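For reference, chains read A, B, C, D and E in written order, and residue numbers begin at 1 within each chain.
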Amino acid sequence: MVAAPERPLLQVNNIEVVYNGVVLVLRGVSLQVPQGGIVALLGANGAGKSTTLKAISGLLRPERGEVTKGSIEFMGERIDEKDAADIVRLGIVQVMEGRRVFEHLTTEENLIAGAHIRRDGQIRRDLEMVYHYFPQLKARRNVKAGYLSGGEQQMLAIGRALMSRPKLMLLDEPSLGLAPQLVAEIFDIVVRLNQEEKVTMLLVEQNAMMALQIAGYGYVMEDGRIVLDGDPEKLLNNEDIKEFYLGLSAVGQRKSYREVKHYKRRKRWLS
Amino acid sequence: MDEPPLLDVQDVHVSFGGVHALRGVSFQALKGEILAIIGPNGAGKTTLINAICGHYHPQRGRILFKGKDITRLRPHRIAALGIARTFQNLALFRGMSVLDNIMLGRHVKMRSGVFACALYWGPAQMEEVRHREVVERIIDFLEIEHIRKVPAGALAYGLQKRVELGRALALEPELLLLDEPMAGMNLDEKEDMARFILDVQEEMGIGIILIEHDMGVVMDISDRVIVLDLGEKICEGKPEEVANDPRAIKAYLGEAVAQKGR
Amino acid sequence: MINRECGIFRTTYQADMSLYGVPLARITVAAFALFFALVFPFVVDHKHLVWANFAGISIVAAIGLNLLTGYTGQISIGHAAFMATGGYTAAIMTTRADVPFWVGLIAGGVFASAYGLIVGLPSVRVKGFYLAIATLAAQFITEWIINHVEWIGGGFQASIIVPPASLGPVRFDTELEKYYLVLALVVLAVVAGLNIARSRLGRAFVAIRDRDVAAEIIGVDIFRYKLLSFMISSFFAGVAGALYVYYVGTATIEAFQISRSIEILAMIIIGGLGSILGSIFGAVFVVVLPLALEDILEFFRGVLPVTDIDTFVSQLKLMVFGGLIMLFLMVEPEGLNRLWRNVKDYFRVWPFSY
Amino acid sequence: MLRARRFWPLALVAAVALFLAACEGGEEQPATGTPRAQQPTGAPITIGMMYDGTGATQLIGVAYKAGFEDYINLINSKGGIDGHPINVIFCEHGYNADRGVECYENQKRGGAIGTVTYGTPITAAVIGRCNQDQIVCTFPGYGSAAAANGERFPYGFPIAASYWSQAGAAVRFVLDEWQREGKSGKPKIAYLFYDNPAGNEPREVLRTIAQREGLQLEEVAVPAPGTEMSSQVTRITQSIRPDWVITHLFGSSPSVSIKALKEAGFPLNRVVALVWGSGDADVEAAGGWAFAEGYYGLQFTAIGTDLPVLREITEMYRSQGKQPPDLMTKNNVYYMRGVANAAVMVEGIRNALRQKGYPITGADLKAGIEAIRGEVAGVVNLNLSARDHEGGGSVRIYQVRGGRWQLARDWFQGYRDVIESFVYR
Amino acid sequence: MDFFLSLLVKGLTLGCIYALVALGFVLIYKATSVINFAVGEMMMLAGFLITAFVGLYGLPLAAAIGLSLLLMVLFGFVLERGVLRPMIGRPVIGMIMATLGLGIFLRGFAPVMWGVDKKNLDLMLPAQPLRLESIVVPPVDLAGVGITLFLLACFAYFFQRTRSGIAVRAVADDQQAAMAMGIRVSTVFALSWALAGITAVAGGVVWGNKIGVDQYLSLLGLRVFPVVILGGLDSIAGTIIGGLVVGASENIFGGYFDKYVGGGLKDFVPYVLMLLVLMVRPYGLFGREVIERV
C-alpha cells in the first residue's frame, strides 16, 4: 500500500522462455502487477499463461524451461535468476493448476508444509487465520488431503499458500473443474484475502467473466504474447473478448452452441 | 418385444471406504440422445461413469447395456461391447503418437495374435492397414491431420482432449461417456468440441452421456439432463425443465445460472 | 546418416507404416547389416569376436526385457531366471533326449515362456517396484531349485556340458561360426521385437505402461497383456539362455545369477527404455565397456604407481565402469537411444537449426 | 557350401591375429631379468592363468595370482625350462563365467597350450572347450571332481585334491582323531556347507562314506553370501549336537562360521574346514589367531613361510633390490596355492619337453602333466596318470596353534575306493 | 522348546539389525523416490572408513566412528549434489540405475583404497556372549538392537513432529508443489542422503563387527528387499516389523525344515513370505497406497 505508484510490485519485462533448449514458449511477455491489486491473465490453453506464472515463481527449471531474455523484477529486485525457494522467501507464492496438494499428508500437515519458510513462530496463529477463511478445512484437519473433495483441495491449496504470508499470490486456474457454486465461493475468498490480508493477486483464468469481475486490470495472452490489456471495462467491451472469451455476440446476446456449429469467425488480431 | 434402452441403470449403489458415493441411482439412456449429468463436485458423477464402464463394481443394483447385464464385467469386456469413454483428467498414452493412440482404440476390433504380430506378415499387416484407414477417417473428422505423428504428451490441452475423443470413437461405440470434455477450454475450443459432439450424435447415431460443468454447453446441446447430488438423482428432464427445477437450483445451479439459462 | 524426409510422399498406408520409411534409412540399415555380416568378423581380433558373441546373446535377452520393462512398464529383476530356464531346458533336452539344436533353442524359449507366465502372475495384483521385488524372489527361488533338484541341475555341480550346436551338416564350432549363429538370432530377435513394438500387441503394452486404467477402459485386457508381455519377454530370455548354453558349451547356474539380471536391466536402462535400438546400444555398452576399459587401462600399465598392476587395473575398471554409468545417466538419463536420436535430429534439420 | 567357405575367413582371421601378435611382440618389455640370473635362450612357451581381482573371492584371487607369478618369474630368472622362458597370459575375470570364457578364448588365441582356470563357475563354463580345443585346463582344489576321470575329461585336471577327495580325507581325519582319543562308538558329524554347486558337490560322497562307516551325518546348508548363519549354528549346537563339524565354506562365510561356532560354545578343535575355509584371512577375520585356536584346516599344498621355494623367491626379489610381496606371509595359504599351481604347470612342461622336445602342444602338455609323480617343488604331492587326473587326492591337515598354522597331519588320503567309484562310475 | 526359543530370539535380534540396513533404504525412497541399490555398498564404505581410521591412522574407536559419520554425511551431500541433483525431474528409473552404478563404483573404490583383505572392526565389546539358559546372544547383537530402536525412535519423531520432517514428506508427495511452497528440494534430498549416511555408519558398525569389513558387507543390501517389501517401501515402522518377521521366520524355518529339503530355506522363506503378503496387501504391510483417481 505504501509503494510508490510508479513502481509496481511486480514487473515482467519482455521475457522469453525456452523449454528443453529448443521450444520457444513465451515470446516477449511484459506485464505489471500493482501493489494491492488483482490482475487477471486471460488466454486460451497453451497461450503461455501457466508458463508466465512459473517463470515468475521460478518453477520452470524442474520442467527444463528457462528464461532466456528479459527480466522479472519484484519490489525492484531481479528475480529471474533466483530459484523457487528464494522467490517464496521474497514473498511470491504460486497456487498451482490442478491443486497439487500433498495427498499423503493431512490437511494440517499440508498447511505446516506451506509455512516452511516461516521462522517467526507465528504458525499457530496463521493456522487459525486459514481456518477462519476456510472453516471446512478445520473440520477435516486430520484427514489425508488425498481424500478431500476437489473444492476442499482447492481451498487447501490456497490456504497452504497463505501460510507463507505472501505479498503476491499467483493463482493458476482456481476454478478448474469446480462446480459454479464452488467457483463463486473461491472467488469470494480471493477478494476477501486481497482486501483483508492485503495479498496482491495475479490470477490466471479460463473463466474470463468471473476473473474480470474481481480484477482491477487484465491481460490477454495468445500464442506466447500479450495481445491485449486494459481495465476490465475496456476488455469487457472489446469485440474479440466478447466473441471468444465471453461467448457474447455484438449485441450482448449469448450465442447457442448449436448455432455456432457450422459457422466460425476468425480471430481478428491474427489475420 | 420393445427394444431395450441403450443403457439401463437400476438402483446402483457404490461405496468405498465407508463413503457412499452413489446411493441408488436409476436412469435410462436412449439410442442417439445426448444425456447430460450435472451436479456439484463430489455428487458422484464420475463414480457413476466409472461404474458404467466397469472400473468400479456396484455393491447393489444392476447396469444393463442393450438388455445385457454388464454389472460385473471387467472394463475391457464392456469396451468390447461398445461403450467408450473419455477422462476428466486426460488419460492419453503420452509416449505414443496421436495415430497410435487412436489405433489403440481399434484394439478390440483387431485379432492378430503374438506370432502374427512378431512376423508382421500377410494377414497381420493387412489388418493393420485396414484399421489404419478407419483411423484416418476419424482423424479427418476431428481435423487433427497435422498432428498425426506427434507424441500425444506434447500436444496442447485442447488438442489432447480432441485426440481422446478420437480414441474413444475408434472403438465404434454405441454409447460414449464424456467426462468433462470442455473443462479448462476457452470458448473457441468449447465451440469446436460442441460441434464434434453434435456431429458424433447426428452422423454416427451414437448415444452420449455427458458430464459437464459449463451450463451453457449443457443447456444448449443436451437432449435430457440428470442432476445428481450427494450420490442421489434429484431430478431429470429436458434442459429447460431442469433449469427451472427448484431442487436443481438449490443443489447446484444457483439463481444466476438458472436465469441465464432461460 | 542424414535422414532427410522432405520430398517423400507416401501413397499407401502400408508404405507409411513400414519400419524404415526413408530410403536413406533403409540404405543405412542395409549397410549396417552387411557390415556386421561380411566385414566386421574379418577385421576384428578374435577377442573382439568373443565380445561380439556375448554382446549378441545379451541383445536377445535385453530386447526381451525391454518389451516387458520398457514397453509394458513391468520391472523385472529376475530375468536371469528365465535365461536359466531356457538354458537348462536346452541342455537337458540336448543331453538326455538328443534333440537337434534348433529344437532345444525353441524348447528353451517355450519353457521359459511358461515359467514367465507363472512368475508374472503377481503382476495381476502387484505394481511397480513391489512387482520388481517379486521377480527378484523368482530369481532366488529358481537358483535354489536348480541347485537342489538334481534332475534339473544335472548333479554335476549343477552344470551340464552341452555339445556344440549344429544345424543339419553345419556345425557351429569355431568362434566365427558361432558368430554367425548369434548374428542370425540377433537379427531375428530385432525384427520380431520391432514388429511386436509397432503392432497391436506393442500398442497395448505401451498403453498399459502409460495409463493402465485407461488401457483397460479402452478395451485392453490388462491382465492378459501383462502376462503375455511376461511370456514374450521370457521367451526371448529363454532363447538367449539356450543360446548362451550352446555358445559356452555348459549350462551352469552361476552364469544366471542375480548379477546377470541386474546387468540386463542396466542394459535397457542405459540403452533406453521402450526402444529396441536402445536394447542393442545398451547391451553393447554393458558388455564391451568393461572389456574395452581393460585395454585402455592396460595402456597406462607403466604409469600407475602400484605393485600388482593387474589387480589394480581390475578394480579400477570396476570404478571407472560404475563412474561412467553415473556420469552417463547424468548427461542423458533417457539412454543411449535418446542420444542417438538427438544426433539424428540434429542432422535431420541441419544446417537449418531453428 | 559353408564347409568350403570355412577356410578363407579362418585364414583371414589367423592373418589378422598374427599381425596383431606381431605388433604386440614389438613392444614386449624385457623379462624380469636380473644381473646374476641366466637369460632364457629358447623360444617362449605360453600358458594362461585366470584369477579374480574383483568379485566374490577377490582376496584369494589376488594372493593366488601373486604366488603363481612369482614362481614363474623364479623359473624364468633361472633360465626358464631347458632355456625356454614361460610366458603367462594373465586374465582377470571377476568370478564371472562370461569373462572366464573370454579369458580362455583370449589365452587360446595367444597360443596358450594350457591354462589354470579359476573358480567353479568359470571351470564349468570352459571345461567343454578345453577338451574340444585340446588345451590343458587345471583347476586345483575346485571345479568338478568328476573331471578326475582322465578318460571322460582328457584335458581337465582337478589336480591335488577335488572336493570329493577333500571330504573323504576330512572324514578319515575325524575318525582317526576319534580313535586316537580312545573314544568308543562312532562320532556324529555335521557337514556345514555353502549352498552353491561347489558346496553341494561332496554331499553324495559324504553320505556314501557315512553309510559305510555307520556314521551319523547331518547336512547344514548356508545360503550365499553366507554372512549370517545364526539358525544353522543354533541347529548344530542345540539340535544336532555333533561331535565334529566339517565345514565347506567360501568367501566371507568361513570366518563367520568360526566366530558363530565359538560364540555358541562349540569347541573349535572339533572343526575341520575344507581348503577354501582354511586360509590365513579366514582366521584373522574371525577374530584373530588366539580366538580361533584349535581350528583345523585342510590343505592340498604345503604352507608356511619357511619353505625352500619361498626362500628362493625371496632371494630372487632381494637380488633385484626389491622386497618380496607381503602377500607371501600375510596370505601365505593362498599364495602357496598359486605357487603350487605354477609348479605343476612347470613340471608338466618340463616333462613334455623331455618326452617330445620343443615345440610342445596341449596334447604334449597333457602327457607331461600325466607323468608327474611325487612331490613337486616341495609343495604338492601328486601321482597323476592318464586315468587319474587328480593325482591321488593327498592332503595335509594344519591346526591353528600358537598364532599360526601348524602341521597336524602330513600327506594322507581318505576313502580312495569310494571316491574312485564316483569318479569312474 | 529351548531350541525354538533360541531360534526365535536369534531371529528377532537378527531382524532388528536387518532393519538397520533397511532403514537407510526406506529413508531415501520416502523422500526422493529413489530405489537405492547401493545401500549395501554405502554400509561397506562406512565400515571401511571406520576400520581405516582405527587401523591405518590409529585413531580411537569413538573418534573413528565420529569421523566416519561426518564423512558419510558429507558423502551423502556430495552424492546428492554431484550425481542426483542434475537428475532432479528426470525419470526415476534412471536414478535407480545411477545407484546401481554407484554400487559398482564403490565396490571398485574400496579395494583400490584399502585393499581386498577383510578387516576386523573391534568394538571392544565384552568377549563373553550373554547367556540365558541355552540362548546365546552375542553383545554385538544386543548393541545392534539398541542402535536400531534408537534410530527408529529418532526418525519417527523427525518425520511426524518436526517441520523439516513434514517438508521431507511433502517433497516425497509432490516435488514441484513443494518447491512452490519454498521448500528446497535439493536440501531435502541432501538431508535424506545424509540421514542414510548415518544409518550406513550404524549398519557398518554392527555388521562390520559381526562379519568383518570387506566387499561381503555390500551383499547385505540384497537382504533388505524382503524386509522393505514386507514392511512397505516407505514405512519407517515397516522396516522394523519387516525385519523382525524376516529374521524370525528365516531362522525358524531354517532351523526346523532345512533338513527335509536339503537346506537353503533361509534364503527362500523370506521371499515366499513376501510374495504371500504382496498377494494380500500389494503395498506391503504398512506401505502407503497410491491414491488413484480417474
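Keep this in mind: contacts are C-beta pairs under 8 Å (C-beta built on N, C-alpha and C of every residue); 3 or more make two chains touch, one makes a residue touch a chain.
It should be emphasised that the depicted structure is a prediction, and the values quoted were computed from it without experimental measurement.
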| item | value |
| --- | --- |
| Least step count from subunit A to subunit D, where 1 means the two chains touch | 2 |
| C-E compared against A-E, more contacting pairs | C-E |
| Chain separated most widely from subunit C, comparing mean CA positions | A |
| Centre distance in Å when subunit A and subunit E are each reduced to the mean of their C-alpha atoms | 43 |
| Mean-CA-position distance for subunit E and subunit B (Å) | 48 |
| Separation of subunit B from subunit C, taking each centre as the mean of its C-alpha atoms, in whole Å | 41 |
| Averaged-CA centre spacing for the pair subunit E and subunit D, given as whole angstrom | 36 |
| Interface hub residues of subunit E, defined as touching at least two other chains | 107-108, 111, 116, 262-264, 267-268, 294 |
| Multi-partner residues of subunit D (at least 2 other chains) | 53-54, 58, 62, 195, 223 |
| For subunit A, residues that touch 2 or more chains besides their own | none |
| Residues of subunit C that touch subunit D when the two form their complex | 41-47, 49-51, 54, 144, 147-148, 153, 156-159, 161-162, 164, 169-170, 173-177, 248-250, 252-255, 259, 287, 291, 294, 307-308, 310-315, 317-318 |
| Contact footprint of subunit E on subunit A as seen in their complex | 57-59, 62-64, 83-85, 87-89, 93-96, 100-105, 109-110, 112-117, 144, 146-147, 160-161, 164 |
| Subunit C residues within the subunit E interface of the complex | 75, 122, 125-127, 129-130, 133-134, 136-137, 140-141, 144, 147-148, 213, 258, 262, 265-266, 269-270, 273, 311-312, 315-326, 329-330, 333-334 |
| Residue ranges of subunit E in contact with subunit C within the complex | 35, 37, 83, 86-87, 90-91, 93-98, 100-109, 111-112, 116, 222, 225-226, 229, 233, 261-264, 267-268, 271-272, 274-275, 278-279, 282-284, 287, 290, 292, 294 |
| Subunit E to subunit D touching residues, read off their complex | 2-3, 6-7, 10-11, 14, 107-108, 111, 116-120, 129, 134, 136, 138, 207, 210-212, 214-217, 219-220, 223, 250-252, 254-255, 258-259, 262-264, 266-268 |
